[in-house]
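Here the chain labels run A, B, C, D and E in written order, and each chain numbers its own residues starting at 1.
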Amino acid sequence: MTVELAAWLVFGAPLVSFLAIVFGTRPSGQHILSGRLTALAMLVAWFASLYLLTQVLAAPGFELHPISYRWLEVGSLHLEFGFAIDSLTVTMLLVVTTVSFLVQVYSMEYMANENQDKSYSRYYANMSLFTASMLGLVLADNLFQVYFFWELVGLCSYLLVGYWFMRPSAAAAAKKAFLVTRIGDVGFLLALLVLFVHTGTFNIHELFGHEASDALLKSGFLGMTALSWATLGIFMGAAGKSAQFPLHVWLPDAMEGPTPVSALIHAATMVAAGVYLVGRMLPLFHHAPDTMAVVATIGGFTAIFAASMGLVASDIKRVMAYSTISQLGYMMLALGVGAYVAAFFHLLNHAFFKALLFLGAGSVGHYTDTFNMRYMGGLQKVLPITFWMVLIASLSLAGIPPLSGFWSKDEILGAALQASPLLFGMALVTVFLTAFYVIRMLYLTFAGEYRGGAAAERVALAAATVYSGAGAAQAGEGHGHGGHDTHGTGHGNGHGSHEVAILFIPLVVLVVPSVLSGLLNTPMWDGLAKFLTTHTIETTLGEHHLPFDPGLAALSTFVALAGIALAHQVYGAQAISAERLGAMLGGWPYRILQNKYGMDYLYEFLIVKLAFGQGLVAGLALFDKYVVDAVVNGAGSVSRAAGGALRTLQSGQLQGYGMAIVLGVLIITATMMIRS
Amino acid sequence: MIEIGLSHYMVLSAVLFSIGLYGVLSRRNAVGVLMSVELLLNSVNIALIAIGRYVGGAGATGQVFALFVITVAAAEASVALALLIAIYRDRGAVDVESATALQG
Amino acid sequence: MPPSADFGLTLSFYGLATLTVVSALMVVSLRNIFHAGLFLVLAFIGVAGIYLTLNAAFMAAVQVLVYGGAIAVMMLFAIFLTRNAMTQGNLSGRFQAPAMLAALLIGVLFSYAFLMANWASGKGAAEYLPPEQVADALFNQFVFPFELASIMLLIAMIGAIVLARTPGRETEDA
Amino acid sequence: MDLLALRELLPELILIATGLVVILVDLVTNDKRVLPIVSAVGVLLSIVFTVTGLSALLRSPFVVEVYSVPGAVSADALAYMFRLLLSASTLAVIGASSDYVQRRLIGARGEFYALLLFAAAAMMILTAATELITAYVALETSGIALYALSGFLRDRRSSEAGIKFLVLGGVSSAFLLYGMVILFGLTGTTSYAGIAPALHAAFRENALPISLAVVLIVAGFGFKLAAFPFQMWVPDVYEGAPTPVTMFLSVVSKAAGFGVALRIFHLALGAPPVALEWTYIFAALAALTMTLGNLAALRQHNIKRLMGYSSVAQAGYLMAALAVPNDTGTAAVTFFLISYAVTNLAAFAAIIALTEGLASEAISDLAGAAQRSPFLAFCFTIALLSLTGIPPTAGFFAKLTVFGVAVNQGLLWLVLVGVVNSVISAYYYMAIVKAMYVGSAKDERTIPAGLALTTVLVCTTALTVLLGIAPDAVVSAASTAAAWLP
Amino acid sequence: MVLPFHLTLLLFLPAAGALVLAMLPARDHRLAKQVALFITALDLLLALMLWPAYTQLAAASRFAFEEQYAWIPTLGVGYHLGVDGLSLPLVVLTGLLGFLAVLVSWHIEHRAKLYFSLLLVLQTGVLGVFMSLDFVLFFLFWELELLPMYLLISIWGSPPPVGRREYSAMKFLIYTLFGSAFMLTGLLILGFTTGTFDLVKLSSLPLQAIGVPTTLVFWLIFIAFAVKLPVFPLHTWLPDAHTDAPTAVSVLLAGVLLKMGGYGILRICITLFPDVAYVWAPTLALLAGVSVLYGGLVTLRQRDLKRLIAYSSVSHMGYVLLGVAALGEAALTGAALQMVTHGTITALLFAAVGLIYDKAHTRQIPELQGLMHRMPFIGLAFMIAGLASLGLPGMSGFVAEFLVFTGSFGEFPMYTVMGVLGIVLSAGYILWTAERSFFRALPHRWEHLQDAVAVERIPLVVLMATIFVIGLWPRLVTDVLKLGIAPIAEAVKRLG
């Protein structure tokens, strides 16, 4: 097997599976075949990735360039389709294919239960396409190709979030996901244009050359170099995809999609693409310290900001979503302070334990038919395996040693501390918040008594409808406040079935990296760091790998444990009332968090109401109708009016006509005499 | 006293033309309008014959031209009168002011 | 040319011109159309006199015969035909004033232009033009318009007959 | 006079003779359907002689000797071109009107054809005239025939049209006559060829009278051509006159008017100092005429009246080329007239069939005509497209040539006015198409159209399209003929 | 394989077909359809035959398959046909859409004979515009399309309670004529001052010396194309015409008629007056930027599906102008490609919307909902077209827009940013429409709806395939396009 073939296999296997499902299967009834095809493709891709890993390890500088085709050629513009495989690529490939494969296996059972009508080949087609696109993105050797697949993963996200398109909330969430990320993509696209105009290339390696960066540093406008603008644009795209503030609003809503989708796309892979992109382009960012500062600040702020919203969310998937945003912020923070290895180390770890958490949430929801934690509880008894897996992943997320999360988080904290105390402070608070909401989630879900699942939720919802119209509106609007109800399938809740093997096997598999992946880069063995930095980036980045600081590790562990303890006091021991906590300071902090800092309302108000309803857009539409078009119609009316006036002149009276002749003679003569 | 020359006749012609024109524009009775048209043509004829008298080599041409104008006047008048009869038959009057079936 | 003849010419010109102009004014202003017609005949005769002062006796004769005779007679004929409309005067004031103004302006304009003109007069102009010369021009140089004029008269005749006839009557339809 | 010269007048003489024969036949026969046949045969004969003469002249462009009746008419290629145009158009009018005349002009059928033929002959002479007296007599001859013909229906509207036409025609021809008289007085000659150099010589000292003469002649011909502000008779007469007469007026009479105007303005008044006096008048009047015609047409409901305003507008376009006093202008006018003639003949043939078949002249009553008589509607549509100037029709190339010479003359502003006017005109022309095609018929029966009318319609429509596809032969003929005008 | 007189044959075959149709018995609309289908299929075949032939001989000369005859030598007008890389894709597109338009109109029964004749005449007109190399001939075909369009809209368009077909048809007609009136003036100036109307000859003449300012001539001609394209503020005919036209006509209007504007700008304005274009490029770019944003913003407020697509066309055709203004090879190629891609995308959108309207009898977005449940196929087609329209990679729209952007950003960064913002707006209205009309639950009133049947699916499938083929393999088209664009870009480059 050659590298070229392997690279093609990685990218091609899911693509073939996509095409096979689209053109080879019937829309309904052949979902089992589709599922198997997809899973098989993922497996092939995984093996190929593994092969590539071995090849990269063997290659000098861990770099391979197996493929480059000229896709389009116009004048001086060459658009290419090419693969470049280096240590970073291959790491990402393995993460993506691993999680993908496990999620597909999980999906086969999960989706069968969610879709009674057996017409969900569409789901697998989308998943295949997503994986192919994601892999294409990672493999790309030029930014144009990155953008190409960047948009395609966005499309798949849109299609999968809106998978249950009959639900208004899902349809709205899909649209929101696409639009918000597209706003970020504008930045990305403009960055591409800036880069191309100044350097004449999209090739990543050429962009890293001195000529390119010199050209970019030489020109600029509005007081910033072209390079700063370009990197800022790239970050804007990354912020959209990775749900960084203020473009984070789509990700919680994206939980409307099927849970495996959340696990794969909105936790492990696509949302990490932003981090990947910034990391990949970090050599350019290094020449733009202002952009780096922005990245770090936004990252740090997003981390704490999202974690705080996670504290109060009652929907288990939303808690995870906020957690994802928060952790992505962490990674951005790391990139912003130049901790390249730490960021990707965390990305890797996070991918595994977050995927696990989502799949766990899926299993929970699968049992209770709701994701609203208010109606869960006591699930440890019925879902013991799931409980243990989720527990491990949660602790990993909380950063408890020696689980994987601990190691990478620690590296980020160290880097942040070195860069700025403020950033470090934010990161540290985030650690506390993370630990708190994780444990809260565990208690609400698995501890205590079962609170009735979806059936209870329906009763509550009906009651709310009776007592206040707001509840119904909320449910109908579906912008994330209402819980997930039965997905329209109507199968009974708490159906007593025990855990299905196919559902917990992926969890069990994922637990391994969740526990162990931290060992890839520990004070004892920094293999990953070496691996990741032994290619071109090394030359521009230098060594940012900090020595292990036991004091810092102890501090972070203590903060995490504090968070756990507080959560235990509130939800486990119930020594502190959650209600009282919520009512603190007049209940304002709780309400602000509950309303997600009002960002949704702000956007709704700014865009939908102001611009759309009364403002610019409405004004333009009226302008078009009553000014632009009216001028045209007015010209017609004036002509017709003139015609009418001329008609009245044509009075039919002979002498009037005669008078016209005489006047004509007089006037013409007069003008002639005046002229001469 | 200035010697009578071409200009005198031309001015007379102009005055007569002006009077005829006034008649065409102001007579309410169609017959009156036609009479005024005849005045117009007569004024032209004065000019023609005067030019024939005073301008070198134009003598015969001027008179011939005038003869044709008279012929035209006669022919036009006959058709005009026939039309008047037709109008009179239809309306019982030959008032040009009210002949406005065609307008707009 | 002897001064007396010149004086006679001047006198007769002014006399005839006055007659013509006054008659013409009557034609366009008299309320009674019949009286207007009579003054029209008078104006024609005045014009014929003007022709005489221009040594165009033949034209004067034609003028009297054609206008004084044929046209005036037809005019009167028409007046009788339309007798209940006989006393219709001029148009209402709405039309009067502009008509007068326009006609006046035209008259002034023409007169001014004629007075400004440098006519090609005098150079070899014939005092008297024998009728034979007119006839010669008519039948040689202008024979074609002459023939055409006869067609014109035929047209006028046919046209007048058709128009004056009550419509819809034809021998074979009867 | 020279008999050889008379040979050159054979086309006119044949028409006059045919007119006399028609009157005689009318007296002796009871079957009046024979009259149009007799007339048509005469016109055809005339056309044969015209075509022979024309082709000889066009084929030998170096012939300098022109047999012309001394002092009266010229027999050059341009004259032949107009003769052909006028006689062929007359033939079309006769063909298109035979049924109409048979039904509507009871008691005046023979006279109708005779007058039509006489008028056509007079117009042919008018366009070939080389001196003022002939032109004047020919103008009045045709004029009197037209005044009479306009009143031929002898109903209220027809008589009113006749008297309006006559009185206004009388006034305007008095103005024209006065203009001619001034020219005659200043130059001592009535021949165009003689006037031009004499005016040139006399221009400095006689600028004002010359200007006045020019204005009066412009006014006189303006009436004939339907130029603003001398156009007011047009809609009324077009509406009131019998439709075949309107057809004749809009095509033959207009062509004759432009034919004579070409000679007088481009020949007698075409030398530089004098030409500068009137070219800009024509340009300005052209702009005003087309604008007025088109704007007023926007609000018309009667199709004949609308065609009146349309013909005013078309006169405006023509005048734009008339304002170019050289052979390209002459050629453009000639070509435009030919295109306009075939177009308007087709249009009026269709209008006669439609207004008679539907017993209404209202445009709204044309609804559904396309379903009742698809072919009729199609031909009419082609004609309307041509009038709008949309290719591939004659009207497009007509406008192209006219605006082209105007552009070359530096009259860019006029061309802009012209093209905008074309757009305005599309509105009302297409409104007719809309009425025929979009509206639905109350009645499913085919609208009757006689054989002669159909033939005319087919031929003129075919020519309209042909001139829109392959206009070169006619364009080059027109420019060859125009070069004959010295 | 190229036949003798291939272009002439290709050009006049539909017109001849219209004549044949006119001769058919009046009542047999099935036969009329079949004849029309046959003719358009044959025409498409003729157009497609040119493609391989052209790619083989392209390097040899600028224009291929030329036919040149003196037509009106007196005026310097010639019958000159030819295609190059710029026109060939548009010719093929016209052939394709002409063929699909017949299929789209398969349900037409009312006066079918006239309907299909007009469609065929329309096709000849459009083909003529793309193949003419003589300005007069170009103008002739430019105007030939008017009457068929007018009648098609006013007879088969949306009747009064739903639409204002007669108003819209007249507006279309007058607007287009208004533009072409100015073009005619420019054409006359060119032709009568230089003595030739041949576009190839004109492009080699020093037009600065004609005595009339070339800037004036440029703008006179440009106005006509700006109306057709359309460019703000000359666009208001488009929404009306689109909205009230029958589906097939909307397809053709959006698919090829608008492209006549862009093609004209490239073929005539830029080719003949590269210097003027160079000087005025900032103005053109401003117009383009404004069109894109303005069109996009106004689109957001539309509630009628067809109106929405129509306004989006204003926005998307702005990219064509943006590419033209940038004048570089990439941007010009992008502009040309945008014409082709927009042609297929919008045609597909209109075809899908037409089917919805045929079945639901409404196009009001607030009334539609959940159509995906009953019309998955139509929904799929709409979604694909919509996603292509918002510039999703892998579909044709993206490539064109990307080329335009990369070409224009260096020249006009601000206007390009406006253009880039336009794609966010596209995403906004497309996704909003998809959400409202196709997603959510199916209301009771739409439960009777049926998905597209076989004959209705063919056009959708073909257009979808085209979108993907160009989107994934753009060289197929751009390699041809750039053969036509290169000389134009070269001429501009010599100036700069």
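Everything that follows uses one rule, which is that a residue touches a chain if its C-beta (ideal position, glycine included) is under 8 Å from a C-beta of that chain, and two chains touch if they have at least 3 such contacts.
For clarity, every value in this text was computed on a predicted model and none was experimentally measured.
Undergrad: With a step meaning a move to a chain it touches, how many steps does the shortest path from chain D to chain E take?
TA: The distance in steps between these two chains is 1.
Undergrad: Could you run down the chains that neighbour chain B and chain E together?
TA: Chains that touch both chain B and chain E, as defined above, are A, D.
Undergrad: Computing the C-alpha centre of each chain, which chain sits at the greatest distance from chain D?
TA: A
Undergrad: If you count the C-beta pairs in contact for each pair of chains, which pair comes out on top?
TA: B-C
Undergrad: Measuring between mean CA coordinates, which chain is farthest from chain C?
TA: So the farthest one, by centre of C-alpha atoms, is A.
Undergrad: Taking each chain's centre as the average of its Cα atoms, which chain lies closest to the overall Cα centroid?
TA: Closest to the centre of all protein C-alpha atoms: chain E.
Undergrad: Between chain C and chain E, what is the gap in Å from one C-alpha centre to the other?
TA: Chain centres of chain C and chain E, defined by C-alpha means, are spaced 70 Å apart.
Undergrad: Taking each chain's centre as the mean position of its Cα atoms, how many Å separate chain B from chain C?
TA: 6
Undergrad: Where the centres are mean C-alpha positions, what is the separation of chain A from chain B, in Å?
TA: Distance between chain centres, rounded to whole Å: 96 Å.
Undergrad: Distance from the CA centroid of chain A to that of chain D, rounded to the nearest Å?
TA: Here the centre of chain D sits 77 Å away from the centre of chain A.
Undergrad: Which positions in chain B touch two or more other chains at once?
TA: 6, 10, 17, 20-21, 24-26, 33-34, 51, 55-58, 61, 64, 68, 71-72, 75-76, 79, 82-84, 86, 96-97, 99-104
Undergrad: Considering chain A alone, which of its residues make contact with at least two other chains?
TA: Counting only residues that touch two or more other chains, chain A contributes 636, 647, 650, 652, 654-656, 658-659, 662-663, 665, 669.
Undergrad: Residues touching two or more other chains, restricted to chain D: which are they?
TA: Residues 133, 136-137, 140, 144, 147-148, 151, 154-155, 159, 162-164, 167, 171, 178, 185, 188, 208, 212, 235-236, 299, 427 of chain D each touch two or more of the other chains.
Undergrad: Report the complete set of touching chain pairs.
TA: Chains touch in the following pairs: A-B, A-C, A-D, A-E, B-C, B-D, C-D, D-E.
Undergrad: Which residues of chain B touch chain D in their complex?
TA: 6, 10, 17, 20-21, 24, 30, 33-34, 37, 40-41, 44, 47-48, 51, 55-58, 61-62, 64-65, 68-69, 71-72, 75-76, 79-80, 82-84, 86-87, 90-91, 96, 99-104
Undergrad: Can you list the residues on chain C that touch chain B in the complex?
TA: 6-7, 9-10, 13, 17, 20-21, 24-25, 27-28, 33, 36-37, 40, 43-44, 47, 50-51, 53-56, 58-59, 62-63, 66-67, 70-71, 74-75, 77-79, 81-82, 84-86, 88-92, 95-96, 98-100, 102-104, 106-107, 110-111, 114-115, 117, 119-126, 129, 133-134, 136-138, 141-142, 145, 149, 152-153, 155-157, 159-164, 166
Undergrad: Given the complex with chain C, which residues does chain D contribute to the contact?
TA: Within the complex, chain D contacts chain C at residues 1, 9, 16, 23, 30, 32, 69-73, 106-109, 111, 114-115, 118-119, 121-122, 125, 133-134, 136-138, 140-141, 144-145, 147-149, 151-155, 159, 162, 178, 182, 185-188, 202, 205-206, 208-209, 212.
Undergrad: Help me check something: in the complex, which residues belonging to chain A touch chain B?
TA: 647-648, 650-655, 658-659, 662
Undergrad: Give the list of chain E residues in touch with chain D in this complex.
TA: 70-75, 111, 114, 136, 139-141, 143-144, 146-147, 150-151, 154-155, 166, 169-170, 173-174, 177-178, 181-182, 184-185, 188-189, 191-193, 212
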